[in-house]
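Just below sit the structures, each encoded as structure tokens.
One chain, chain A, links the two complexes that follow: it is found with chain B in the first and with chain C in the second.
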Partner chain A sequence: MSASIQRRPGERLRDNPLVGRALGCLALSFVLALMIGKQEGTQQDFGLAFREAILGPRIVWFLLIGVLVFLLLTFGPRVQPYVHRPGIRPLAIGGLTVVVAFSLLKWTDSTVVSDGKFSTLSEAASKTGQLAPLARTFFTPPLPWVLFVVAFAVAAAAIVLRKAALSWVGVALSVLVGLWAWYSHSLVVSLLGTPDHSTGALVALLGFLAIAAACAATALSAEESANTRGFVNRIFAWRPGMPLVAVALVLGVMAFAIATWFSPSNQNATLVDTASLFSSTGLAPLAKAYLSWLGYLLFVLSLALAAFAAYRRDPRLAWGAAVLGLVSLVLNLVALYSISALGAKSAFDGANGPWDNLGTGGWLASAAFLLLAGAGYVVATAGRERGTIARTQSDVLAGIGKIPGMSKALILLVVAGALFYPPMATPFWQKVLVSEIGIYVLLAIGLNVVVGWAGLLDLGFIAFYAIGSYTTAYFVGALPIQPPEWMRLSPLLCIPIAIVVCLIAGVSLGYPTLRLRGDYLAIVTLGFGEIIRIVAVNNPGNFTNGPKGAFGIPTPAIHLGPIHIDWGQSSLQYWYLLLVITGLVILAFNRLEQSRLGRAWAAIREDEIAAQATGVNTRNVKLLAFAIGASTSGVAGVFFASQIGYINPDNFVLNNSILVVAYVVFGGMGSLPGAMAGAAVLTWLPEFLKDQVPAEDRQMWIGAVILLMMIFRPAGLVPARRRTAELHGFDDASSAETSAVPAGEGMGGTK
Partner chain B sequence: MSAEATQPTTSTREVVFDVRNITLRFGGVTSINDVSLQMYRDEILAVIGPNGAGKTSLFNSLTGVYTPQEGTITLAGRSGDTPQRVIGQKTHVINHMGVARTFQNIRLFPALTALENVKVGVETRMKAGPVSAMLGLPHQRREERESTSRAYELLTLVGLRSRANELAGSLAYGEQRRLEIARALGTSPGVILLDEPAAGTNPVEKRDLADLIRLINRELDISVLLIEHDMKLVMSVADRLVVLNFGSLIAEGLPEEIQKNPAVIAAYLGTSAEEAVAEVENQPELHVIADDTSNMTSLEDAGATPGEETP
Partner chain C sequence: MTDFMNYLVLGLTRGSMYALIALGYTLVYGVLQLINFAHSEVFMSGAFGSYLVIGMFVHDGQHLAWWQVSLVMILGLLSGALVGAGVAWALERVAYRPLRQRGAPKLAFLISAIGMSFFLSQLAGKLFNRLSQNQFPSYFDQNKAVLHILGAAVSRIQLIVIVTALLMMFSLDRLVSGTKLGRSIRGVAEDAPTAALMGIDIDKTISRTFIIGGALGGAAGFLFGTTFVFSNIMGFIPGVKAFAAAVLGGIGNIRGAMIGGLLLGVVENIVPTAPWDGSGGWIGLQWTDVVAFVVLILVLVFRPTGILGERLGRAA
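Moving on, here comes the complex of A and B:
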């Protein structure tokens, strides 16, 4: 491309490709300016929107975008060699994360600060006399941005120049700035004295840590060709479990030093404050001891033991660390229960039971202990042999060169997040987690069986969800036609029935239609989905109560002898129920994928004729995929009906079917973690955008995200091993994703 | 030349495939025209003929992919089976009756590993259902172990043990051919149908392949029905040959008889029988007569559409 930059003498300006490109980029900025922002004129002044978009000062920003795109296109090839340098990706991710944290996220929930975003908060904080000087300095308007730019620039310079010393400066700088941001935020929170669930400071800290990691990767990788992925692999190959210990260290320090443990109204008590607050109350001695000294001791001990075990690769010590971590976790939860129960008994701030009014600290500490226990487990099971690192793309696809403990560590991180993040979140996000993210993750897992594994495009998947919901409504007696008295069930008991009903529905849809393939099957399933919805709207005898739907579906409850659990209205409790159900489904499906049925699905997806000739009963295998997918969807339906309490046909429109397909494709067809990640991200995104963009623009942004994803990562967020092969071909020797470095090498080689 | 050992004595030997007067048409085109043939237990029977002679159509009729309009096919797949009708049966049922096959244009499951490809074959003979897989019940785990060890045995047999964890699609062409054979053997067949197993392979691989075919036949006691264009290979492994041309059976017999058969030579060279005989005498070793490039179909080519084999 650089050849085209040189202009030959006598060539007219108009023929220069650069001019065309520049004009194109600027035109793009105008289009963007028109698309983003207010689009309505007024009756009196039709040109208003146009003038605001194009003639206002904001156009400068859009023109800058155009210039940026132009520069990228023109100088892209020169930048290319640097893209695979170690650290470039974490640097980019970290930079973006910090920008998002600074510009989009809330830094406080307090109503004192109008929208809680960083800029308004920093305006307010810099003028507040009572705020500790350290925090006031941080929030003085241009300073945080300047700090970020400096840290980013140092990191970028270190990567480009390959200077180890500069890299370490970058590490120190980014970590310091990140911690400073978090600490200033917590000072603001304690000054405002209201409970706080904002994520901005935490996300900013994570972004700065990513920048620090980018610097560390540069400092520690000696090889010319090494890249970030290879670096991560080498860390795991060096000492499995150590990364988990590092994460636990950060979480634990935040929990024990800065974070709030107890936050009834006007209190944001850190662990020290909480200990003194409860010192003269009737708190159980164990919990008192935990708050005042035992907690710190346990954290230091289990951290040291896990780190030492990981360093020595000693299985026995590692089991010790695992047990110590779990014991500490239990003690931590006991202490949290004790203080919140005592607080609730004295009716602090309208608490109506244990677990209310707790701050983030206790949950962060729980996550830290879980990760330390997990690190012990990873070390204990990884064994002493060093992992080999995949050398080619096909090695990776074939699962060769798996780094011991890497997937376990990732699973542990996700589990820790799923267990201990929700209690820290605002009620709004708890609700989103249950009624959007959780349910759609379950649906995506089910559809992944049909679309991802068996390769059958099903556009009417939501029908089974509807069948599950209406089955529940019938058996709890919420429909106009009632079941006989002895058949009335509690919602939880409806789960097996819904599974059976959906199995039957899946088979009866599949049996006549599965001789169809591809697009034809998609159209038939689309029709099926609509039939189910329309029958729910309008049917003789009106047994579904038509468009009004069913209401008064009871919440799930268990009454077994002395055990009484009622899920009631709290989203958090549903989240844990959903977590258990989803966990069981994942375990079962993971085994299924590795079983002969999983391979048979892959076989018919790859080549149906060959599968038949190899003796695979393709009809039965496809029917099983349909039925198993459908029954998962049915479980989600039961859960949905009993959590929301009312259902109507509008919950089951075609759009939802298409969305679930989009989630699976976005996440990575045929990949269980992919389908879950896809559903989670794409259900989280609209809720996140609620705060950021006008409601009518939301779909456009989601569409843009999907579009970019399909262009740059067509195999999905977490590509399936089996599917990646199809998209990338088999002789991909370039393998930019993997490094040719033997395990354990390159660590500590700082030259 | 191993034909001297296995002179067929038609009256006493057990028949595997008994094909009687089958005719297969695609619209107006007759792909197979009134063909009758018998295949006997434990023999290596080769089907040869020029391109478009109806060889693959015959294979597809034998395995239930195509349904001939006329005639009958009966099958006694494994030794001691009672003969059963083939026409009208589903492909996978015929496979369960003991017929395994490979394809002219390799049809593996490219995104599964070599091991998994073979396991798919082995596991079609197993019982454990989805529920026992989800719960990880003991008998399912036992079957899983059995299928893995059986698959490794078969990979060792075809010389792919060291490539077990490679993706099938990333294997070399000749390796893919052998993997396809291993997958077919995984279904523990009584008869295996090999459709041009040597197409696109080099001379060394061809020799190995001949050894492998003999091994399958002699050691594993599996009858082999072979379509092949490479006459050297065919003549060296086949016990008996049948020759198809334009959908009709034009000759049947021992390799040396077929080599001298004027009708066969005419069919291949497109000349009159007398000229052909003269030509053969000048050039005794008939070698790769057919246009071999036509068999170098790519992996993407799903092939096997009706009419592909018709002239």
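Moving on, here comes the complex of A and C:
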């Protein structure tokens, strides 16, 4: 238990914390050596990957990494006073960002360059004669890394030595290198001529800018104790509109200056080029004006208005900015619609019709306008009070201690991303967004009610998802047993039915079993999930069509008077449908946590007996949580069935149930944004890892990520406010010894 | 009758493996009140570890004398137990102790164990080629009947499995009830802060509890791999079943886990095949898992803390 580094007389070697740390680091590097590398053999060379991993010389390198980590951990704290300077943190973040951009991210989508990563691209680009010499020089293999290392080293030296002149050199150097990278990348893109969705160059630019910002902070900060965080806080904290304006500025400049607005086959037309493309066509005058001057004007005007309003915190100006932003957003969308619709008619090669062939520019501009309008709204509603600091637990629960308007600003950022990022993404990512990320976010929201709020561990959540899907399949007539003709429904009309069916299923599972305590409930729900799946496989009464499942489930459609919407194959349409569903669910659940019901859930979660004693009808309240969670899952099931078109029992395996629980806890149990963030991150990760590690190893890396998250941040990505305050308050955690094991009933021997 | 006895023996064989694994769940639950979701991977690693060791000594198709066979068996059990214990120890150090020291919420332990479970099973898959049908070398005729009880033929391997499992369960029972280590385990299980005041090192006791459970699970992995096939995902289904068995008997209760395991194994083999006339039964073997879970749910509905109940527990 002793944490001292010095060895005391009489202490055994193995009790020395240094020995343990060294062994731990070596073990870590050994496991790392097992994890990284190629694999897969056959029956004959059983364990080939194992032998290659530990017998070759590479194991030495990995062990050296372990030694390095050990030295860092041991001697790192002693160096800390020297590196504890303003700017070190942004420097580290910037450096890491650049490394990620250079090593992991894609720099082009074009199929000409095999995996699209930086190393492959630079290999190819440095030999391409058609490329301008400036870009070719940049891509000459060791040069980009050398440039990065030099810029980083200069910045680090400037920050550690605190030399203002050196800092400005660092600023200039990293801005130059960043812009050079960006410029070379845009030359490559225009040479390849295909629409580009890659993020590498942008991320690299951001990384270099972060390094530059770190240097600038050093040069400007007068005293040693000043830190970047304080600096940022002074500017942004009591002007909640400001960060939004800053983001909108970046997005807008990218949109109006460099991004592609219209890209029929093999051309990337920026706003200026688009205007000249359409100058001789019969484009509606409004859109024409927008392309040539109105767009720029609107952007500058609304940016100036929003920035001024945010700076002065003037509510009337802010409302003006909000209205102007929204009007500009609408005009922007009208212009986008006109050019894409007319583009197809005027027979540009490869132009497909409304809302197609649009580059990133229009959507970036939309996001910028939305954020500017949002900045106005945030400023107008935040009032003139300044942020306060929470000192007690009740302060936290009362919402004191957050900067007014900051959470609104964050929500706006997420909304802008959700609305305008998907159209910019590649079809692959659009599909992932809908059929992985979106659906599991919805499921996590539902399970958060059961696990996070009511504290009931449900390991069979996917069962309700399955029930929702099979209900849909039945009512649209995709199963062997057909419903009567008058009961055939369109998929969207199945939503209320699925909700009712899942409510009934949830209550009928919950009613007999909810008196069980935590872990017993877990195994019962797990069993229920497996029973539902096996029933689907075994096909009693020929209802579920066995392992083949249901296929030919029609896509959703709305025919209501003059409105005809048919969701076809495009993932993007489903994304917006899902956004509407999820938005409605969030709106409904948002108020739930603070309501009487939400407080009752918190009470039974913390102490069921006490809750009962204070008059909470525990059984009904628990049943309600179960039913609400189940019906959310059912809605997700309807959406899934009609989007994918075919379902079979393999979609509903136990592993998925466990994963949803993992998403909720990973994100932060009991916090709605947390559950969503957890699901989004953990469903995005496998798709991201696909380009980094062998496809079969993805689950291993995800397991490791979950494990690390729980070790270093057990409360999750976005910890729930109420929970943090209730469980820990602001005191230090009580001694590890007593909190180690909850006292209570346990295993018995024979006495 | 013959069919019934055959299914009974089959159920006892599976059940005794479930019981060995269930003991790991129940021991950990006893001291920590937490479900160790990664225990199924401890079981899996026992199979791989013992395969690697045994593979050094015998080859496929060899015919060994009975004393050689028993030596190899003991070697397999020991190596499986050793690897299982090692993995369980590392598991506790990595996925449980840091969280305990931070006072993490209860579900965080569950999720870290799930993360560990994904990690271990996929790592084993990566290192050992992700084959789904690995088999131990065959060095004796496993399926030769050695015993006939009421018409049921008990094969060699079934006898070995049942007898070893019973022996191990008996020695665990003695260990927990009779030794100093057992006493400290029971102390921690009953009231950890008080046990700490009595001079018991809680961390060490928890670590040793994991080691004991891991050794049993690893040995079970060897037995399972010898009887059937083994792979990197073999742990999942027996793990779930053993967890169910532990809950069935009353989680945290050692004898409960033994009874629960045997009972679950027998029930899931006998009930779907009734009336045992060789026709496939009224229910049918494809409903095995459903039968197991329905029995579990029914028992829990009527006896919410399992068959034997949680020992030393308050009324729940």
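Before moving on, here are some points about what is shown:
Here is the rule we go by: the second predicted complex is superposed on the first by the 540 of 751 C-alpha atoms of A that agree within 3 Å, B and C clash if a C-alpha of one lies under 4 Å from a C-alpha of the other, contacts with A are read in each partner's own complex, and residues count from 1 in each chain.
Following the convention adopted for this analysis, contacts are C-beta pairs under 8 Å (C-beta built on N, C-alpha and C of every residue); 3 or more make two chains touch, one makes a residue touch a chain.
Being a predicted model, the structure only gives us computed values, none of them experimental.
Looking at the shared chain after the overlay, A:572 reaches neither chain B nor chain C.
With both structures placed on the common chain, the touch criterion links A:607 to chain B but leaves chain C unconnected. In the superposition on chain A, A:706 contacts chain C only, with no contact to chain B.
Shared-chain residue A:516: touches chain C; no touch with chain B. One of chain B and chain C touches more residues of chain A, and that partner is C. Of the two partner chains, chain B is the only one that A:588 touches; chain C does not reach it. By the touch criterion defined above, A:176 reaches neither chain B nor chain C. Within the superposed three-chain model, A:50 lies in touch with chain C and out of touch with chain B [touch as defined at top]. Residue overlap on chain A between the chain B contacts of one complex and the chain C contacts of the other covers 723. Listed in rising order, the residues of chain A touching chain C in the complex are 27, 31, 34-35, 39-43, 45-50, 53, 451, 457, 512-513, 515-520, 522-524, 526-528, 530-531, 534-535, 537-538, 654, 658, 661-662, 665-666, 669, 694, 696-697, 699-700, 702-707, 709-711, 714-716, 723, 727-728, 733-734, 736-751. Within the complex formed with chain A, the chain B residues making contact are 63, 65, 90-92, 95-96, 100-101, 103, 107-113, 116, 119-121, 123-126, 128-130, 133-136, 140, 143-144, 147, 165-167, 169-170, 183-184, 186-187, 302, 304.
For chain C in complex with chain A, the residues that touch the partner chain are 26-27, 29-33, 35, 52, 90, 94-95, 98-112, 114-120, 122-123, 125-131, 134, 173, 176-177, 182-183, 185-186, 188-194, 196, 202-203, 206, 240, 243-244, 247, 251-255, 286-287, 289-290, 292-294, 296-297, 300-301, 304-306, 310-314, 316. Residues 394, 397-400, 588-589, 591-592, 595-600, 602-603, 606-607, 609-618, 624, 628, 722-723, 725-726, 730-731 of chain A are the ones that touch chain B when the two sit in their complex.
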